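Reading through the structure tokens given below for one structure.
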Amino acid sequence: MIVRPYQHWFPRLFSWHGAVLSKILFRLSLNLMMAVFAVICFQWYETLGIRLTTAPFSLLGVAIAIFLGFRNSASYARFVEARTLWGGLLIAQRSLLRQAKGALRRDPAAVKEFGDMLMAFSWSLKHQLRGTDSSEDIRRLAPESVRDEVLASPFRTNRLLLCMGAWLADRREEGAISDLLYNGMDANLNELAHILGGCERISNTPIPFAYSLIVHRTVYLFCTLLPFALVADLHYMTPLVSVFISYTFLSLESLAEELEDPFGIAANDLPLDAICNTTERLLSEMSDLSPLPAVHQPDAKFNLI
Amino acid sequence: MIVRPYQHWFPRLFSWHGAVLSKILFRLSLNLMMAVFAVICFQWYETLGIRLTTAPFSLLGVAIAIFLGFRNSASYARFVEARTLWGGLLIAQRSLLRQAKGALRRDPAAVKEFGDMLMAFSWSLKHQLRGTDSSEDIRRLAPESVRDEVLASPFRTNRLLLCMGAWLADRREEGAISDLLYNGMDANLNELAHILGGCERISNTPIPFAYSLIVHRTVYLFCTLLPFALVADLHYMTPLVSVFISYTFLSLESLAEELEDPFGIAANDLPLDAICNTTERLLSEMSDLSPLPAVHQPDAKFNLI
Amino acid sequence: MIVRPYQHWFPRLFSWHGAVLSKILFRLSLNLMMAVFAVICFQWYETLGIRLTTAPFSLLGVAIAIFLGFRNSASYARFVEARTLWGGLLIAQRSLLRQAKGALRRDPAAVKEFGDMLMAFSWSLKHQLRGTDSSEDIRRLAPESVRDEVLASPFRTNRLLLCMGAWLADRREEGAISDLLYNGMDANLNELAHILGGCERISNTPIPFAYSLIVHRTVYLFCTLLPFALVADLHYMTPLVSVFISYTFLSLESLAEELEDPFGIAANDLPLDAICNTTERLLSEMSDLSPLPAVHQPDAKFNLI
Amino acid sequence: MIVRPYQHWFPRLFSWHGAVLSKILFRLSLNLMMAVFAVICFQWYETLGIRLTTAPFSLLGVAIAIFLGFRNSASYARFVEARTLWGGLLIAQRSLLRQAKGALRRDPAAVKEFGDMLMAFSWSLKHQLRGTDSSEDIRRLAPESVRDEVLASPFRTNRLLLCMGAWLADRREEGAISDLLYNGMDANLNELAHILGGCERISNTPIPFAYSLIVHRTVYLFCTLLPFALVADLHYMTPLVSVFISYTFLSLESLAEELEDPFGIAANDLPLDAICNTTERLLSEMSDLSPLPAVHQPDAKFNLI
Amino acid sequence: MIVRPYQHWFPRLFSWHGAVLSKILFRLSLNLMMAVFAVICFQWYETLGIRLTTAPFSLLGVAIAIFLGFRNSASYARFVEARTLWGGLLIAQRSLLRQAKGALRRDPAAVKEFGDMLMAFSWSLKHQLRGTDSSEDIRRLAPESVRDEVLASPFRTNRLLLCMGAWLADRREEGAISDLLYNGMDANLNELAHILGGCERISNTPIPFAYSLIVHRTVYLFCTLLPFALVADLHYMTPLVSVFISYTFLSLESLAEELEDPFGIAANDLPLDAICNTTERLLSEMSDLSPLPAVHQPDAKFNLI
């Protein structure tokens, strides 16, 4: 069922990385032009006593590589944390549905209501994180009893959580759920609250802007000056080597920017649509619904289970 | 609702990074002057047998970059931990209010009292961490029953926690809150205690001073001597390259200093005002208050939900 | 009982690392040929004004080494997390069986049923993660009562978890398991759910493809150009040094790719068969079964307990 | 209330870092002398065919910087963990006192007894970790009922924990503390046990000695040979550059050694006295004692709350 | 009571590090011989057009240093995790004994039986991890009631855990331990199960062999070729510098190998004997036994409490 990523590296090469490549293509062309310019004018401006050598650029390049390495790690850590939160979301949803199903064997309607709120929760969170409109998905999934309340709230995902808490409290007041089970399910609702809060935190607070900016600036300036430093040594080979070195630095810097905001819709961000769709399918299967919701357009960044 | 940071990079460029830039601008000017001095006097002092070459400065520059990289990571880790603690604060506050609301359906006055203490808690913590006077916000938010006790205490945030604990114990003695729910809410109060303690720890114990100092000193000395090492190779280009390399090192060192104390009011520190304001709005919305408190001046470092 | 790895380094040298070596052998041969070509043609193409020097390649090589170092760390972190999840699986399985055995002293048949589901769980998870067919192992191990239900489900491992939850609920309804113990066992079932979810997350979401790709590409291009940069300095020694440097970079890059997907069947991936087999033996011993299931073919990457 | 560290960098410059500086001052003088010696004798010993160049020392210097960077991170991680444990200690103590105060409203004497044991615990732990005699502080703080038992034990901090456990069990047997609260307080006592164990672990097991030693040795040897490698390039500037590079490496190595044992009394170690004093003041304030214990001599490394 | 490690650095210099040094002494001698050979034959083979220069070796050396740095971190992380697990073991054992003592005040015989199983557990785990025979220690410590069952099992440490679980269940059935306390003690038994599983995981799954091997191989080959690259620059100083650089790389690589398997008996591995002995003494003191078991031969790597 699982498709190993390296089986598809070739076709993905263009779709995925294309995004990073297209962003830096303009800068690489600029770099190429400057390198050609450096090769052509080298002998002329050298007579003016203007010269750049490789040595200080070696020092600078290594220093920038070190800072870029740490900055990439920080961005990647955000990506991993975001993915772990969404992984924990599926785990909590499955556990909640298993607990509800086990407790309310004689009330499938209530279980379905709860399952629908669970599914609506992940779609609503996705829309909140991406800044898109969740109305359609909430109308499609949220049970009628809470639909209007959720749609009216400015903080819809949190409101859905409130409604699940109320549903749980109602079941307990009815006596359908014992105190013991209530405790277990409440712990999983708390888990949902933690996931919501964690995603909001990642989404609301970017890496300190000055950090991104300093690295960004120095990388760009470094690549701009590089051809002039290389030309004395490399002459005709300057464009090749200069574009190669620039590609290494620019592409990693550009990727770090993409990963920093893992909930975006850039090529390397999290495939939230595919994850929400899988969640919906898994929860539906657990409720023995049939047929299962259709699989979305396959997503290159996500292996279906 | 969420504004992606890269949509605004240009306008932010000056407001944010300006803080770091203005701090190091004097040093960069100094560096520029020394570079010009080196270019002018180079031929004269070389005749005295004084010369500096790039090679040892390459070694030193890379070594300093490595140490600076680790030091930046340590500062950034403090920033991330501080942000995570404040994210956890919002999560715990929402959970506590949800639990209180669920338990005391017939006593909205008591719920409001509790919600007010929750809001006062985050403002009081903010003032404590920044060393500013919390009296105004406590008078505005803390319920009358505890206001004087809190204002009289030298440790106000902790005292608010004590009062919430007493409120909870009172509700339980009244029988309004069952043992089971008491346990769940007490766990969330413990979470508040952990967050308070964690913030105090970050705020009270800086990164060992010698660590900051050694890196700071070597970066500054390195940048001061750099022009004299570059001039033999680069001649007229010395000022350009020297200022560029200095900018890379000085700006990252300066940023590390800013991030080390994430509760400060420097440009890259945590936007505690915006966070407290958002918390107040979210908790008010959960209590179905209307109108919600006004949104503070939008903050460049924080995306409103 | 435990075999220390360094006692066997020599024989393992070929079986294990062979996998990485065979993958890069073609590239190393290519590199060797290019180095020989560079040595032969050096004097001819130098007259055309084409030259490459070591200095920019030093800078580039160190930068790539830094990025490769971080990328290796990210891959290794996935490997370690995957191993920790499988280690936690064994811990949870042992605890569950201990609890079941302690609670149902008078119903060994039910304990055996539960133990069989536990064993089936790890084999099923292994097949799910590797994309192989779990039918045989499920038929061999899953108790008759749930066999068909599990085989019919598209998400078999999760379904096994559901069945264990139902078994536990049934025991509690019978009164065989007290509320207190039910809570403790349910916590361990939640642990299984976390492990399942964690493994699915690692398996479904590779390291962002652009990250792997950029490092992969720059390493390959770097190794291809390297001989031409070295030949001016090293002449006849170019092939030796070029292949050596290429080996260092290519082998670590290739290993990072292998570790990134720790559930695969490459030589350095997790020995899931040996782990499942050990689990089966340990659980059988705890149930005082005899004889224990046979030890699988000894696995070089796993020390039997 | 909080004093930001950077407000005082200048006065602290001497008191704090002085410790690291004084340790390495002798080595730096030695380095200076060798550099002068190298400058004087350079021309003589060069005629003997003895020469050292910068290139291999660049390679070695960068390699050592990398290893030193990781070693510093390992030391700093111990420092951070130690600080977090002591931060957790204060959190657990406050929670325990809050719980005791809430439960035993009508028995202030018992609460005072418990609070005294809590205060004694942190002083006793401090003395244990520093290897100093805790008798005086235990006599001052421990309640009479347990004083002799604690003083007689070879493991006093652990014995205090045992006594708190016994106090709690007694209160529960009396019926003064319900089962529910007992559970909550026992969890916090377990937290104290974890903190005690964690501190003992850090204190008992240093970073593997060979690790410190190899880095220490190579740093010292490197600095000793450095002047001879620099002299050919730098001539009269050798002493300046050599001492500068040595300062960078020696001071960071020396600091790593200090941070490795965060419970010591070196300038950059944890200010355990100030922390214990603050704890005592905070707990006294919670018990509404007045006047509060005096603030110790202000400590440069710790901001009072 | 605590002996700070730096008070003894000198005497330890030989005992500890000796192990690493003796392992690499042969390689260092070989390196010295090759350096002497390079110095002698340099002029002869240079006439054949064979030459190696420092530049590519600088690049390679820095790259290897980076990879070695990450590999060392991975090994050290295993060491730290192993130490933390053993630290957690002592914490859980103390808590269990405290709980048992508090619950069974009137049945010291049962408490002693439980304490003996706890002590046997750590010795048995030590033997399992080192692959030595645990029979003697189990006969010495395990109470008679479970001795034969434990000795007969192929998985003795796990069997001891089963027996402690059975002991606890028996006490509860007798009514000697309430449900509440049972829960608390069961949580600590689960902790023991986690520690056992964690140690087995570290012990069973080494760092992927290819990782160790690639770093090992490149370090060795690098050191072998190094003298030939240095000789053109350094001439008579080649042996000194070559052995120094080789020492730095070989000793850290050798140490990484030692730390990777922290349960071994190499000089820098965990002092499991001293830890088990301390545990036995601490638990005996808590049971007010006298005299306490003798302190083992003092261990250089472990400070007695």
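Order of writing sets the chain letters: A, B, C, D and E. Residues in each chain are counted from 1.
Just so it is clear, contacts are C-beta pairs under 8 Å (C-beta built on N, C-alpha and C of every residue); 3 or more make two chains touch, one makes a residue touch a chain.
For clarity, every value in this text was computed on a predicted model and none was experimentally measured.
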| item | value |
| --- | --- |
| Rotation, 0 to 180 degrees and nearest 5, that superposes subunit C on copy subunit E via CA atoms | 70 |
| Whole-Å gap separating subunit C and subunit D, where each centre is the average of the chain's CA atoms | 39 |
| Centre distance in Å when subunit B and subunit D are each reduced to the mean of their C-alpha atoms | 24 |
| Subunit B, residues touching no fewer than two other chains | 55, 58, 62, 66, 69, 73 |
| Running round the ring (origin subunit A, first step to subunit C), the chains in order | A, C, E, D, B |
| Footprint of subunit B on subunit A - complex, ascending | 49-53, 55-56, 58-60, 62-64, 66-67, 69-70, 73-74, 128-131, 153-155, 158, 161-162, 165-166, 169, 179, 182-183, 186, 190, 193-194, 196-198, 200-201, 203-206, 208-211, 213-214, 218, 221-222, 225, 257, 261, 264 |
| Of subunit D, residues touching subunit B in the complex | 1-6, 9, 12-13, 16-17, 19-20, 54-55, 57-58, 61-62, 65-66, 68-69, 72-73, 76, 79, 83-84, 87-88, 90-91, 94-95, 98, 102, 180, 184, 230, 233-237, 241, 244-245, 247-249, 251-252, 255, 258-259, 267-268, 270, 282, 285-286, 292, 300-305 |
